[in-house]
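Chains: A, B, C, D and E, in written order; residue numbering restarts at 1 for each.
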Amino acid sequence: MIDQAPAIVLLAPFLTAVLVVLVGMKYERACFPLVLLGLSFSVAAAVQTILQVVEAGTLRYYMGGWPPPFGIEFRIDGLNALVALTVSTVALISAVYSKNRVPEENGDKISIYYTLLLLVVTGLLGMVLTGDAFNLYVLLEVSALTSYALIAMGTRRATVAAFKYAIIGTIGASFYLLGVGYLYIKTGSLNMFDIHEVLVAEDLHRSTTVLVAFILITVGVWIKMAFFPLHAWLPNSYTFAPTTTSCLLGPLVTKVMVYVMIRMMLTVFDPVYTFVQLNWGDIVVWMAVIAILVGSLSALAQTDLRRMLAFLIVAEVGYMVGGVWLANTAGLVGAIYHLIADVFMTLCVFLFAGIVFAKTGKREITATHGLFAKMPLTMAGLAVGALSLIGIPPTAGFFSKWYLIQGGMASGHWGYVVALLISSLAMAVLFFRIFEYALFGVKPAEGHGDHHAGDQGKFSEASASILLPLMGTASLVLLIGIFNQSIVSIITDFLVQFNLADPMFR
Amino acid sequence: MEAQGPEGEIVSQLWIFDLILLIFLVLTAVISLKVRDLLSAAMIFGVYSFLICLLWTGMAAVDVAFTEAAVGAGVSAVFLISTVLRTSRRSSD
Amino acid sequence: MTPPAIISITPVLASLVSLLAVIPIILLGRRSNLREGTSFVAGIVKFGLIASMLPTIMAGSTIEYTLWEIIPNLAIAFRVDALGMIFGLVASSLWIITTLYSIGYMRGLKEHAQTRFFSYFAVSLAATVGVAFAANLFTLFLFYEMLSLATYPLVTHHQDKEARSGGRTYLTYLLTASILFVLPSLIYIFIKTGGGLDFVAGGFLEGRIGGTEALVLLLLLTFGFAKAGIMPLHSWLPAAMVAPTPVSALLHAVAVVKVGVFCILRVYSGVFGIEFLSDLNLGVIVTWIAAFTVVVSSLIALTQDNLKRRLAFSTIGQLSYIVLGMALLTPKGVTGSMMHIAMHAWGKITLFFCAGAIFQATGKKYISEMVGIGKRMPVTMAAFFIGSLSVIGIPLAGGFWSKIYLLWGTVEDGQYAMLAVLLISSLLNAAYFFPIAFRAFFCKPEDSLFEAKVEEAHPCAVVALSLTAVVTMFLFIYPEPFFALADAAAQHLMNL
Amino acid sequence: MELLKAIVGGMNYWIFIILMMIGLYAMITKNNLVKKLIGMSIFQTSILLFFISLAVKEGATIPILHHDQAHAKQGDHGEGGKHSDPSHKGKEAASAIEEGKEKPSVSHAGSSKIDPDRFTNPLPHVLMLTAIVVGVSTLGVALSITQKLYTEFGTIEENEILDQLKSGDD
Amino acid sequence: MKALGFIAVLGTGLLLLAASRDFPNWGDPDSPASSYRLSRHFITETINETAVPNMVTAVLADYRGYDTLFEAVVIFTAGIAVIGILRRYGSRNSIPSARETPLTPKKPDLIVESTVRLLIPIIQIFALYVIAHGHHSPGGGFQGGVIFGASFILLALARDLKAAQNWVAEKRTLILACCGILIYAGIGVLCQFLGDNFLDYQILHRILPTDPVMARYHSILVVEIGVAFTVTAIMFSIYSNLSSNGKMKEGI
């Protein structure tokens, strides 16, 4: 069964999703253990896959036994394997978190909720693993449809956001599909690697159609990943969705789309094409700079905790897009490493927001007042995530920022470097504001703070199923930071084939 | 002419039919978006789907045409109509 | 000439021991005696570990240990040399005394959250010693940031509005400077040198970067280590005086601020290299910046009525002495500045202890309210007097020696302007310290603002401050250990 | 006549772009949610139109083999099935594909009867079957969100919903 | 907003237009898409490798069977999503703004009823034909499934939702949908258990009394049936949710 691992990564959550519907009709309590089981299988298979990739290089799995380009293949290299493991791990963690929260937030639809949760994970994993451009679209839609539903299950503002997301998301996905069509009309192939071969072999890189295909795919993916100025759908969606939803979607969706962008830029189109021939690096990096600044400064202006975090996602997407378009090894290593690190950092802070909401029933940042005394473990978890977002060693965020800044300096994009530093500061301000509330309680200016804290201050740490995911994520953030070398070595092994050290990439 | 198969022949001679279809396609699309009565809009959207289905038959994509006939002209329109009847029939634009 | 480096884990342990002590401190939170006992034990162990390395260092060797390579060519590594040793010794020995003092102060004032206080205190010390023994710029930065964060809860200990705004200023200055200035310089140097940020006696930048780059980097790093309080990035220090006095004493007279200047010293000597700096003639720029800070801060100190704030501005000035001495780039200047780290630490901590003791015993913060206090708290005020002697640089206290060396340094290089600056500022120092002691002891009896019932502070505090005062005087008689270390360090750094 | 045909043929691409623009414009600017969704459907069908258009081959027929052709092939295949070891045959076919660039069809006797130019390209059809299904699924989900919005806000006009949100009675 | 939208739309249109000059000629048999080995292989080899005359069916269910599995999953997802969004169970206090009752009071209409009664069996038989005959003619699981689902929708339209639900109750639709997916995925997993890759039907010749090629042929049929199950169930489920505003009581 070991050589089936790549398929199991995906099939485990997928089949569980179907089973959950069936079992959930009769035994609602059995849903949660099933979900855990399915996702654990997925994580185990992902670990197995990554071990195989590290050991033996690229792994190929032909769906239906048809070799590409006739059939659909999974071609798993270091990048896929890493992202897949990340996705399945995060899914597992947020599933654990959802145990107590789903009955509270969507009590009448527990099995439906879990099914959607597993399906969105299936879609994301499928996007990560597949080597077929069209198949990616199908799985993109699987994850998109589930996201709409998961978000729409929140408050009534979430429904509005979900509709907006559905419209914008469909535009993005359709652009992507159109781009694939434009590639198909020129190459006649759908397999990503085969498309690349044809593009190179027939020197199609000069064709207008390929250029338009590139623009369409890039813009489509940017819409889906909420890259400024295409981010309008994101903040409200993640703010008003059920907390379990935002813990799952917030960290994953945008990052997986960043993965898709990297895959498209490097594997389908050639780095020589995307970076040298088009030479849009400057423009895109400047757009990323604006994204970073707008994201982090808008985050400063928010009073709603999750909305603030949502804007941070916008900034983080700017980091990654900018990092990729720096077009050098350090930048790409930084972007990919940040992709992985950021998934866990974001999960960490979203879990915290979820806990705060669960405990206080409030969405505002001020809801954190006095939490240091009441929930020290929770605050410790947040502290790790926050330090990582700010970029304090030895958390993961520091190392990604290190590589990104290194890349920015190496390619002379000083604006990007400055933007990174400013956004670090903005995040520092943001999180220390939270720490202050947590440390001091209500604003001292209001005077009667102590009574206030005393009134509703009877709660303590959340239950284990809510707290454990946070602790787990926090320790993962630390571990990813500490063992950054092994992750980075996988990434650099992946990047070697593109020969980015070539002087033409600056 | 004889060298081509019968089906191929049909395709190549239907260009004028194609042209009319395409024009009507655009017309129905615009009308379904312009009509203020949503029920009519949904109906006209059904017509649109049906036209596009004919177009595809003309382009030898029978499977797709079949599916579009069932899904686009049939089920999609029914979904739209049921939503319109469940919500509001008037549109401000 | 130099004996080979010794590989030993002692420096790591020396740094970590106080970090490990946090666990028992938290666990023993409810039993205050045991908790503070743990602090004591940790302090003594720490001091012992550092002292145990002294003979090796005195013999001219170094002790190294690489903890782990975190990014290729970039490791968390420790190395003990003479310069680090001076700082390590000072910080760890003062921790013991400060712990003693804190017991008196915290219990005397019945402060809340003492467990938190003692645990973060221990963490801060771990970071401080980590900075002292860092083998490369990266490790240095790591511990520097750790110190910034660990001291935040200490600064805001009172958790009131004032503490909150003070804490805000504190972190804003320190983090902004280090993230905006130090981190990019670090990465830039990393790119330019292709890794390996290890401190080397002659510096490693020479020949790798041009003059303009060197100037920009120098300024970025000088201001980036904002803990050194060089103007205009000094405002955090007075703001941080909202902290409880033991914190102000140890951290803001010794650990934190000295970490700042220590970092600057390290960067000048280990990254740029004295020779490289003097070749490019960059020292002059820094001396002028430092001189400006020295004079202006002394003038501001004159106008402060709050005792702790006056001490804070005094500290800002004294820190710039050290930077100035280093920037002279002469052997005597460098020696002087290194000695001043130690001498000023003992002197200033005495002053802070006294300020705290006064506050604890009488609740007074303002100098104008301290008329006649000497009669009620003679021990405290005597210690205060000794401390001010040391800081001003008058014989009978250790500060004299370091100041002499600094002056000698200016003369050696012919920088008479700097000589003038140092002398003027000494006068100003005297002008803002002596009146306090004078009015405390020699005011007319009817002017005294104190009732007879006012007594000395908590015994622990008094013992602590007497101890530091005695040591300050002792250093005048026997400055040998610090002198030898500073001299060795200077010889090593100047490649003499 | 030929020229006109070519123009009309090329017109498919034009019409696809026009339809796409209509759909996209409606999605972005229409105020009524149902109208937006109709626009979305038009947008999606325009992409289908593009894909199907690129599958068209002059003089080719629907991608289904004639009954006699299929029968001949199946008979041929059936004999093969009887005579040779079945599993071996499957492997052989697969390995023939593996070998790659040269037309795999030559590896199999009898397949030369099928002229690829006689049939339209089936692949875009397959893709668009999927896309149609995706389209109707999206429509269904979006319509259900619309209904939920109606139950919560009592309107399906975007500006009225936004006004209600702004007045802050959440 | 309108101006901005217009600019964006115009930009996109111009972009696409710019590329369309670069396209191969209309209907050109030598265009890359048509002449590439992928398309040629599908046209010439399908019959040899799968024995299915309808290339679309073969490519859909075999070469790109993995795609099609997820196509079915998209439908399934949509069904679950609509339930998740819209379905309101039982006792929750209803919101008055929702239109509770049908627009026009339903009177049993003799002509409509009897026509429908006559039509539905014919539609369903036709749907089964479409599913089963997908190998040889246009059609297959999706089309058949949609038509089958439409027969229930027709019933619900002509009479009311209850009548249709007597045939397929809510739970039953879900079970049916899951079964469809499980049939499809189950075939795939079965292939894995027999030692081949997911959905590699040829290995099934070990348990079916045929050779590998015919194993593919038959598996495609099974897979299509699975798809049909799911599509039928979900189409009806979405309709009943949409038409009853998630209450599953009265349709439109």
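Here, a residue touches a chain if its C-beta (ideal position, glycine included) is under 8 Å from a C-beta of that chain, and two chains touch if they have at least 3 such contacts.
None of these values were measured; they are calculated from a predicted model.
Asker: Taking contact as defined at the start, I'd like the list of chains shared as neighbours by chain D and chain E.
Answerer: Of all the chains present, those in contact with both chain D and chain E are A, B.
Asker: Find the most central chain, measuring centrality by the gap between its CA centroid and the centroid of all protein CA atoms shown.
Answerer: The chain sitting closest to the overall C-alpha centre is A.
Asker: Where the centre means the average of the CA atoms, what chain is farthest from chain B?
Answerer: If we average the C-alpha coordinates per chain, C ends up farthest from chain B.
Asker: Which one of the chains is farthest from chain E, going by Cα centres?
Answerer: Checked the centroid distances; the maximum from chain E is C.
Asker: Between B-D and B-E, flag the pair that has more C-beta pairs in contact.
Answerer: B-D
Asker: Rounded to the nearest whole Å, what is the centre-to-centre distance of chain B and chain E, using the mean of the C-alpha atoms as each centre?
Answerer: Result: the chain centres lie 19 Å from each other.
Asker: Chain C to chain D: how many Å between their CA centres?
Answerer: That pair's centroid distance is 72 Å.
Asker: Could you grab the centroid distance between chain A and chain E? Build each centroid from C-alpha atoms only and quote it in angstrom.
Answerer: 30
Asker: For chain A versus chain B, what separation do you get between their C-alpha means, in angstrom?
Answerer: Comparing mean C-alpha positions, chain B is 39 Å from chain A.
Asker: Where in chain B do residues touch at least two different other chains?
Answerer: Chain B, residues with two or more chain partners: 62-63, 67, 71, 75, 79, 83, 86-87.
Asker: Name the residues of chain A that each touch 2 or more other chains.
Answerer: 65-66, 70, 134, 138, 141, 145, 148-149, 152, 162, 178, 184-185, 190
Asker: What chain pairs are in touch here?
Answerer: A-C, A-D, A-E, B-D, B-E, D-E
Asker: List the residues on chain D that touch chain B in their complex, please.
Answerer: Per the touch definition, chain D meets chain B at residues 4-5, 8-9, 11-12, 15, 18-19, 22-23, 26, 30-32, 34-35, 37-39, 41-42, 45, 48-49, 52-53, 55-56, 58-64, 118, 120, 124-125, 128-129, 132-133, 135-136, 139-140, 143, 146-147, 150, 155-157.
Asker: Under the definition above, what is the set of chain E residues touching chain B in their complex?
Answerer: Interface residues on chain E, with respect to chain B: 54, 56-57, 98-99, 102-103, 130, 138-140, 142-143, 146-147, 149-150, 153, 157, 235, 238-239, 242-245, 251-252.
Asker: Would you pull the chain B residues touching chain D in the complex into a rising list?
Answerer: Residues of chain B touching chain D: 4-5, 7-8, 11-12, 15-16, 18-19, 22, 25-26, 29-30, 32-33, 38, 41-42, 45, 48-49, 52, 55-56, 59-64, 67-68, 71-72, 75-76, 79-80, 83-84, 86-88, 91-93.
Asker: Can you list the residues on chain B that touch chain E in the complex?
Answerer: 62-63, 65-67, 70-71, 74-75, 78-79, 81-83, 85-87
Asker: How about chain D: which of its residues touch chain E in the complex?
Answerer: Checking each residue of chain D against chain E gives 6, 9-10, 12-14, 17-18, 20-21, 24-25, 28-29, 53-60, 62-67, 69-70, 73-74, 77, 81, 86-87, 89-90, 93, 97, 101, 103-105, 108, 111, 114, 116-117, 119, 121-126, 129-130, 133-134, 136-138, 140-141, 143-145, 147-148, 150-154.
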